[in-house]
Amino acid sequence: MQLLRSLCQIAAPSGNEAPLTDFVLRYVQQHQATWQVQPTIVAGEELQDCIILVFGTPRTAVFAHLDSIGFTVRYGRQLVRIGGPDVATGYPLVGHDTQGPIECTLEVDKNTGALRYRYHREIERGTELTFRCDFRETATTVQSCTLDNRLGVWNALRLCETLQDGIVAFSCWEEHGGGSVAYLAKHIYETYDVRQALISDITWVTEGVHAGQGCVISLRDSLIPRRSYVERIRHIARQAGIPHQLEVESGGGSDAKELQHGAQPWDWCFVGAPEDNVHTPHEIVDKRDIASMLALYQALMREL
Amino acid sequence: MQLLRSLCQIAAPSGNEAPLTDFVLRYVQQHQATWQVQPTIVAGEELQDCIILVFGTPRTAVFAHLDSIGFTVRYGRQLVRIGGPDVATGYPLVGHDTQGPIECTLEVDKNTGALRYRYHREIERGTELTFRCDFRETATTVQSCTLDNRLGVWNALRLCETLQDGIVAFSCWEEHGGGSVAYLAKHIYETYDVRQALISDITWVTEGVHAGQGCVISLRDSLIPRRSYVERIRHIARQAGIPHQLEVESGGGSDAKELQHGAQPWDWCFVGAPEDNVHTPHEIVDKRDIASMLALYQALMREL
Amino acid sequence: MQLLRSLCQIAAPSGNEAPLTDFVLRYVQQHQATWQVQPTIVAGEELQDCIILVFGTPRTAVFAHLDSIGFTVRYGRQLVRIGGPDVATGYPLVGHDTQGPIECTLEVDKNTGALRYRYHREIERGTELTFRCDFRETATTVQSCTLDNRLGVWNALRLCETLQDGIVAFSCWEEHGGGSVAYLAKHIYETYDVRQALISDITWVTEGVHAGQGCVISLRDSLIPRRSYVERIRHIARQAGIPHQLEVESGGGSDAKELQHGAQPWDWCFVGAPEDNVHTPHEIVDKRDIASMLALYQALMREL
């Protein structure tokens, strides 16, 4: 879990993913020699801060978003949300402005819900703050801020070790309205004729989805994927004997929104471990669900 | 109305349109020999469950969505909506899971509004349920669930009988966030240089739109079409002497949303009969409005 | 300010921008001989009512929306909004239908908030009404309806006088859901390989943004631009010594929404003067902010 720990400690809120992009690019360059297949790496200004890794002759693309939730400093001590972070007075926040690194805390006004930071000085307008990472590992769980979606990124990087044919795409802005998957999807479809997608992201523990019972295959969230594609995925999971759970939600979304609404006929399915304490500094995931997530991706990328 | 009755009896909620796609493809293959022009049929995995029919040298495309509203079985006996169905305790629902066909009823919790089904056994997670079809025809009306949009599909198929030049496109996911018109629109524009659209769909009886007074030309709903195009359509309707009504709404939407927001300069207009009891099992349309809808489409496809 | 006055007096609500398109095209044809570089003019049905001006070898594109807010006549004396106009009983409205020109007033129902017009006759269904223009200029301010975004259009046209390399694009539907920037952005990116954008539009005076303190560089609104691009813009503004202010908002949007969500990797930033009395007949802007807006655009188009 050293890789996951490193990923969780990098601040990369939506719009400022570049530090994590740099980390992932360095990681790929340092480790790809040990992978079964060496990918073509597509990155640079034409993809902003996204990365595409192409292995062999791809049939399916995995999307994992790099960005996290956070806060932007507004006027005075006001904060506005990046994405949908949970808020509670006392949550520790970190960032930096031209005066140096910052460690402060979140304050939620009891009456208005307005968000402020508590700090010994005023922080510069527009500064981004993210939850301070307190990475905790036990025999059975990992816990940290931003497991959503550093665990999805971790899963994608571990998948690379054995991937023969497939695409791994790292996207931006997922937590805050999207904005990169539309062009990633267009590029991948037009260049590689690939239109099958798996969304490597983290979902919720709910009354119907329980920690430790396996990776989630989502039948729907706010959007509904094409039924025939989801049935193929369920079939592969059953055949492979990998523990998994089925999710049915009316809300929530993912990078799949841009696949669904883009101008290519993508089939997509959200496949990921469930977490509790969503979008807090204390997101927690069961290690069995992490293991089944990686195993399921390995099977799906072989069989789809 | 036998064709309409058949269309209404096929379950095809958003995301699982394949049964209706198969029906329409079979219908086209069986009947096209009697049509004035035989279309090129574009279908298959590259269009997911959509169909494009190309007649002669097209200038205008008709979009009719195949999918309907419905419900997805969640956890326990919970249901979540597909699209925006009306809900009332007692509405009859149908579906099937691996244990066989299902006929159950909807229950709406009086206090919370939560949706459940009442049935003798638990239905499998993720199963889709739709309104049970009770098709009723009188001398002046047709009544059924899902006239929205099986009547729009019926109109498109009847239009095919005499169509010389034009495109008829059958789309998916309209009731639940869209997701196919973006690529249909791109394909049609890039392949045939067509960027004029008519939306063959069903709208609402309101204080300003009355049953029996003719097909509706919508001047706007939640979106506003380009004025100059709508004026051309109004002019053709007046010249042709076809009964019609003008609609002005602030809400509602259609496949036109994806045309408006896509990366091609589509002109579009919603043209369709009004119905009462919208999104219930008892949608009702006046036959005169069906007749004027088909007549108006015939005129518009000639003149635009 | 004669040009600005003329721009403000043309009615062009979302969906019916054609009168302003015609004005801008005529203005360009009449004045381009005096400009430092003569642009290629791209317009016509393939761009609906939009215009693209291409100067030299472009690296950056300026987007200025032509359309304004307004109202559509519904049934009886009801009105529905085009975009998000402020409403108050007595606001003067203008328009025309087949019976002739119209000058009427807005009425807001105190209890329901419902909108109606007060006029001596019924106005035809679907007629568009806009605020009557009362253009007021002092030594330090301009005031009128629709400074949002006629001032952005004015800025773009004045920028043309000295522009060496760049694109100026005039868009439609910005106030009401968008619908043209997706195809403008695709055309510009694919034809000129340009993916840097500036949004020439008007923002709000708030507790953190003050009239007279310079053009606003927006660090975010409802969407978050890519940080590295915004930092380049801030650097150029500081180096050029042009007065400017930084904005951080959680709401609001612009043509940038379509750039962010489109299938090209656009970098974008909203750069524009702030106004008070937003979306009323009495929008007011400080002349110093107009001056710094134009100066900043001149510097940015040189340096980016």
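Should a chain be cited, it is by its letter among A, B and C, assigned in written order, with residues numbered from 1 in that chain.
Please note the rule applied: contacts are C-beta pairs under 8 Å (C-beta built on N, C-alpha and C of every residue); 3 or more make two chains touch, one makes a residue touch a chain.
Values in this document were obtained by computation on a predicted structure and should not be read as measured data.
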In contact with chain A and chain B alike are the chains C
For the copies chain B and chain C, the interface residues, called same if over half of the numbers are used by both and different if under half, are different
Mapping chain A onto chain C via their CA atoms needs a rotation, nearest 5 degrees, of 120
Per the C-alpha centroid definition, the whole-Å distance linking chain B and chain C comes out as 36
For chain A, residue numbers touching 2 or more other chains are 262-263
Contacts from chain B onto chain A in the complex sit at residues 14-16, 18, 45-49, 72-76, 80-82, 125-126, 128, 173, 176-180, 182-183, 185-186, 258, 262-263
The residues of chain A that touch chain B in their complex are 206-208, 219-220, 222-228, 246, 248-250, 260-265, 267
